[in-house]
Amino acid sequence: MFYREAGQFKSTYRADQQILPIRQDRVAMALLLLTAFVIVPLTAPEYLLRAILVPFLILSLAALGLNILVGYCGQISLGTGAFMAVGAYAAYNAQARIEGLPLIVSLLLGGACATVVGVIFGVPSLRIRGLYLAVATLAAQFFVDWAALRLRFVTNGSESGSVSVSGLHVFGLPIESPASKYLLCLSFAVVFALLAKNLVRSGIGREWMAMRDMDVAAAVIGIRPVHAKLTAFAVSAFIVGVAGGLWGFVHLGAWEPAAFNIDRSFQLLFMVIIGGLGSISGGFLGAAFIVLLPIALERLPQLLHLPVSTAMSSHLTSMVFGVLIVFFLIVEPHGLARLWATAKEKLRLWPFPH
Amino acid sequence: MAFFIETLIGGLMAGMLYSLIALGFVLIYKASGVFNFAQGAMVLFAALAMARFAEWIPQWVPALANPIVANVLAFALALGVMVLVAIAVEKLALSRLVNQEGITLLMATLGFTYFLDGLGQTLFGNDIYKIDVGMPKDPVIVAESLFQGGILISKEDLYSALIATVLVALLALFFQKTATGRALRAVADDHQAAQSIGIPLSTIWIIVWSVAGFVALVAGVIWGSKLGVQFSLSLVALKALPVVILGGLTSIPGAIVGGLVIGVGEKLSEIYIGPMLGGGIEIWFAYVLALLFLLVRPQGLFGEKIIDRV
Amino acid sequence: MRRVGEVILDVRNISVQFGGVKALSDISFDVREHEIRAIIGPNGAGKSSMLNCINGVYQPSEGAITFRGQTFRHMNSRQVAQMGVARTFQNLALFKGMSVLDNIMTGRNLHMRRNLLWQALRWGPAEREEIAQREKVERIIDFLEIQAYRKTPVGRLPYGLQKRVDLGRALAMEPQVLLLDEPMAGMNVEEKQDMCRFILDVNEEFGTTIVLIEHDMGVVMDISDRVVVLDYGRKIGDGAPDEVRANPDVIRAYLGTQH
Amino acid sequence: MRRQWLTMILSVMLAAGAQAQQAKEQFFPLLVYRTGPYAPNGTPWANGKQDYIKLINARDGGINGVKLTFEECETGYATDKGVECYERLKGKGASMIDPQATGITFALTEKAPVDKIPLLTLGYGLSAAQDGNVFKWNFPLMGSYWTAADMLIQQIAKKEGGFDKLKGKKIALVYHDSPFGKEPMPMLEERSKMNGFELIKIPVTAPGVEQKSAWLQVRQQRPDYVLLWGWGVMNSTALKEAQATGYPREKMYGVWWAGAEPDVKDVGEGAKGYNALNLNSSGQAPKVIQDILKYVHDKGQGTGPKDEVGSVLYTRGMIIQMLSVEAVRRAQERFGKGKVMTGEQVRWGLENLALDQKKLDALGFAGVMRPLSTSCADHMGSTWARVQTWDGTKWNFSSDWLEADTAILKPMVKAAADKYAADKKITRRTPEDCQS
């Protein structure tokens, strides 16, 4: 099938401003959503849903949130794990303390708390820049790790600092079966992706990008750095917080602070960079890369029936993974999303280059 | 009082080791603009190499069974390995990533981290290994005349701190006095300028990464003989991050002062504030400390000031 | 039809320091409504610093700036923008990651009212507002004749066009005073002519007051009503082009710096 | 891009699914960590488990003719990786699982009941899980952190010459700052109220490579005893810092996860006199170890290095595997010899273990561990442990068998279990349910 937009004319700005101006893209997206919402839950085996797709979707969501901060507003953060943790523990407290609070509401409350924390730790960004800020955000990471272990109210008095949830319901439907968990996460991911897309193509999004590309010029045309940066931190932290809630509630079910440690922060930053800074799809592509690749690599020897010891295979995995990351950064520093975009550019002109 | 001094000294000695690792970060950042998160992995890798070679050499050549000889040879071999790593990094990755943004380079170094962790454990194993360079393990009590009970100092830490100090001094000299050192600093300021002196950038990067590898090796030996050589060594580098930003990414004196400040700040906070908060605060306190400094001087204690021109 | 009016912007005894270096010392001049006012001077004369003070990018150590009767010791960038002062930059300060359209749209940001939630939903009022602003921006795009590049990332455009986008972004703010920092630097003759036309059109059609920094004496003398001359941070001349051309200090300054 | 990966994973799944459907094979999922910060401790543990499976197949031809199969999955001690492994191996017909990490245990405690797979957490996990009436699927066999804490205090009291002597003493808990390290606190607080000693809590931030300030605090507080609640690098580092600050190792008592070879090996002389609990013996003397050497290692089938066979954690891993095997055997006695047991059936087996001395001797575990018998109400089976002391080169037992004081333990477990049941809105199991 040809990927052409010839003959597709835009008569209104509204039409020209929609997310997917090209018809073929709209069709493709529709198909993708159909597959994701109908076909996958019906056909995919439990392992795929529970162990691959659920974490993939949740991390995509978190990456989406981080991308707003790093990709669109240009503020590097290594404290993402902390914001996830805040979201998870806050949501847990909401559930534990308020009888019969709907799950969705607690998750959003978790996001709200994460927003507050995010803004607080965003304040230094008004003065500190680049890598300095990146390292400074680690303060959030370690502080939250500590708080979750030390402050009793965070874990609702749990002696050991670990908490657990069960019997999840959404609109009266139990969230137990793999498919239901998957659909819940998918819905969150899709809705937030849409909202985020709207933000970044509206005034606020342009403020963020202006701040990222040339902050002085941005200030001169009347953009307030405080407003731009803090809203970015807030929105980002909110989404990340909700993702954290999902991670704790839906994926793990019970967790200790280590579930949101610094490794998580790095992992998410990876997803954003590999996936593509400043693109909504980037989060998803990046998450796919980072979540699926190691698992696939690890299974490879077994598939090929190579006699490789567990330790060896995981060492090899980590080596190949490392190499691939560097390789990707070399071929396309702007990430998979850009790769995809260029491919489309080519396709649009094909078979007549230039 | 005596205990306060003990804490202080403990902090200073720990801080000196942080400085050492921080130095690794600064050297590389100065010369190649790369924030090298692989520093920790390099420490582990170097320590593993050192430990295993020291173990293997007597097996290969029984004539070299003498521990000193074995250690020296192992150190040399390990250093060689680190140089190879440096060359590989430059040829295979850095040279292809020139003029990328800082964040991209940072991510690349995380890629190195995965690779080195995997490779190190594949080549050298993933158990606990011993580096025995004859560090004294027992403490000494000093100044008993001044305070009753005196001041207890861990000899091992003392020696480690001394070694670190010497190394740091040497590197500082190397940068100030030698031609290569000057060239390295030139690169830091302006790549074209450096090339115009007639030193190819690639050479300089290889040198810098090798030096960083050397620093990692020494740090690895010190920490390794302290903790035993095992995967967790790679996490020691995290302790150096607040030091680096506190001191300024581009400043060698910054790394030193920053290290001491963080070292002392950590210990004092843990001992005197920690109990009120249930303890375990030093890890984030170090970062908060760095953060506060940055709010006053966004470019760190000795970092270069950033001015906007439009 | 334009006619020069009252003093709209009045700069009094401005001095700026960086550490020990004095970038500007005791500069005073005024700008009248609807006029084209040029600031000239050799490199490092402090021309850009002057604009940066007006924009609130730099804070002057002494002096004050009066705009429409309101006097400020320090300007605040956002306030300045709200009062209708727009600005282009010497060495392009465009938002490289964004398309031409988005770059110019940022100029409309001050005029956008919808809050974050509306924008997130992008429904009803938010959508309408977005479209309304888009229409305004499209007019500017037509005016600057860059329709073809709407969706192109500015980074990919040739220098001359980038300069236009820079101007477009400033125009999108519907400014009363437009500060242009070397709008024609590094352009070929045709491009310069186009740019001159745009500037004059803006000045005439919208009656926008223009403060212009430019190296090309020819251009300056042709289009500007009055000229200020700076040299090493001091003012050495001020007046109509012909007066300035005759001013010995100015001649010396320029001969001093040429070849 | 994404869809490609999905399809690839899918195909992997189908392949895996196919393997699982083979008859007459009892599948044991092995969650292990042979890499990462805890690898030195995780590796012998994993080797012990694997070797025992190989032994049963090689020596006895399986359990009543049912061959044992296994697959390892590397968790690297990370919870989310552990969950992925669990889901992966579950699909291959897992009938019980040993998470081998506290964090993963927490996550699986929520999942296991749903999937009907019993959790075997020998000597770790949730202490309250001893109460089988509430924690139907958890089996903290042989001991929990509460029993460990209690026994250590008992031992210290013995040293001091009676519980009354503990009054006014200072005991410091130097703990891994994580749920694992915090678990013993309730018991220690209980004990300190009872016996009137002062409990000082000194956290060590995981993984514990930098402990200077912790030991400065020890030096400041000068406690009479230090309880070491560490795992991995934290233990050896603690011992070295103790040496560096001149704290007598004789006064240090570790939990059974702080009492293996990797913890003291590279400290050597420096750890001389250090005491630690141990659930099991170590060394190659026991018959079962000899069998493993004979039937597995001498056949070139050994998992790890031969000389590490019989090390503390190796032996513990071997015990865990033995108990799972015996649980299957027990289940077969009820649900049909020579059949492959399901998760529920194995659960019943774990709940009805009756390993008296005679059985243990028969299994070749004489002197390795004490008899153990579980019940519906008690999922722990026994709380025996001994204190061992490091002499600079090897571990020697320095106490006779200790047993946790049920008078203190029981009510605490019950209370905690009730709280859990209340939070989770689960009712205690009925006697009928126990028969199922």
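Of note:
As written, the chain order gives the labels A, B, C and D, with residue 1 at the start of each chain.
Here is the rule we go by: contacts are C-beta pairs under 8 Å (C-beta built on N, C-alpha and C of every residue); 3 or more make two chains touch, one makes a residue touch a chain.
Because the structure is a prediction, the values reported are computed rather than measured.
In terms of the stated touch criterion, the partners common to subunit A and subunit D are B, listed by label.
Farthest from subunit B, judged by the mean position of CA atoms in each chain, is C. The interface holding more C-beta pairs in contact, when A-C is weighed against A-B, is A-B. Distance between chain centres (mean CA atoms), subunit B to subunit C: 49 Å.
With centres taken as mean Cα positions, subunit C sits 40 Å from subunit A.
With centres defined as mean CA coordinates, subunit B is found 33 Å away from subunit A. A straight line joining the Cα centres of subunit C and subunit D is 73 Å long.
Within subunit D, residues 34-35, 39, 43, 177, 203, 205 each touch two or more of the remaining chains. The set of subunit A residues that touch two or more partner chains comprises 146, 149, 216-217, 220, 311, 315, 318. Across the assembly, subunit C contributes 57, 89, 93 as residues in contact with two or more other chains. Residues 13-14, 17, 195-196, 198-199, 201-207, 209-210, 212-214, 216-224, 231, 235, 278 of subunit A are the ones that touch subunit C when the two sit in their complex. Considering their complex, residues 44-48, 50-52, 55, 96, 146, 149, 159-162, 164-167, 176, 251-259, 263, 284-285, 288, 292-293, 295-296, 298-299, 303, 309-311, 313-315, 318, 336, 340 of subunit A touch subunit D.
Within the complex formed with subunit A, the residues of subunit D that make contact are 1-2, 5-6, 8-10, 12-17, 32, 34-35, 39, 43, 46, 72-74, 76, 78-80, 83-84, 86-88, 90-91, 102-103, 106-107, 109-111, 114, 177-180, 182-183, 185-186, 203, 205-206, 423-425. By the touch criterion given at the top, residues 70, 76, 124, 127-132, 134-136, 138-139, 142-143, 145-146, 149-150, 215-217, 220, 262, 266, 269-270, 273-274, 277, 311-312, 315-326, 329-330, 333 of subunit A touch subunit B in their complex.
The touching residues of subunit B, counted against subunit D in their complex, run 3, 6-7, 10-11, 14, 121, 126-130, 137-139, 152, 154-157, 223, 226-228, 230-233, 235-236, 239, 266-267, 270-271, 274-275, 278-280, 282-283.
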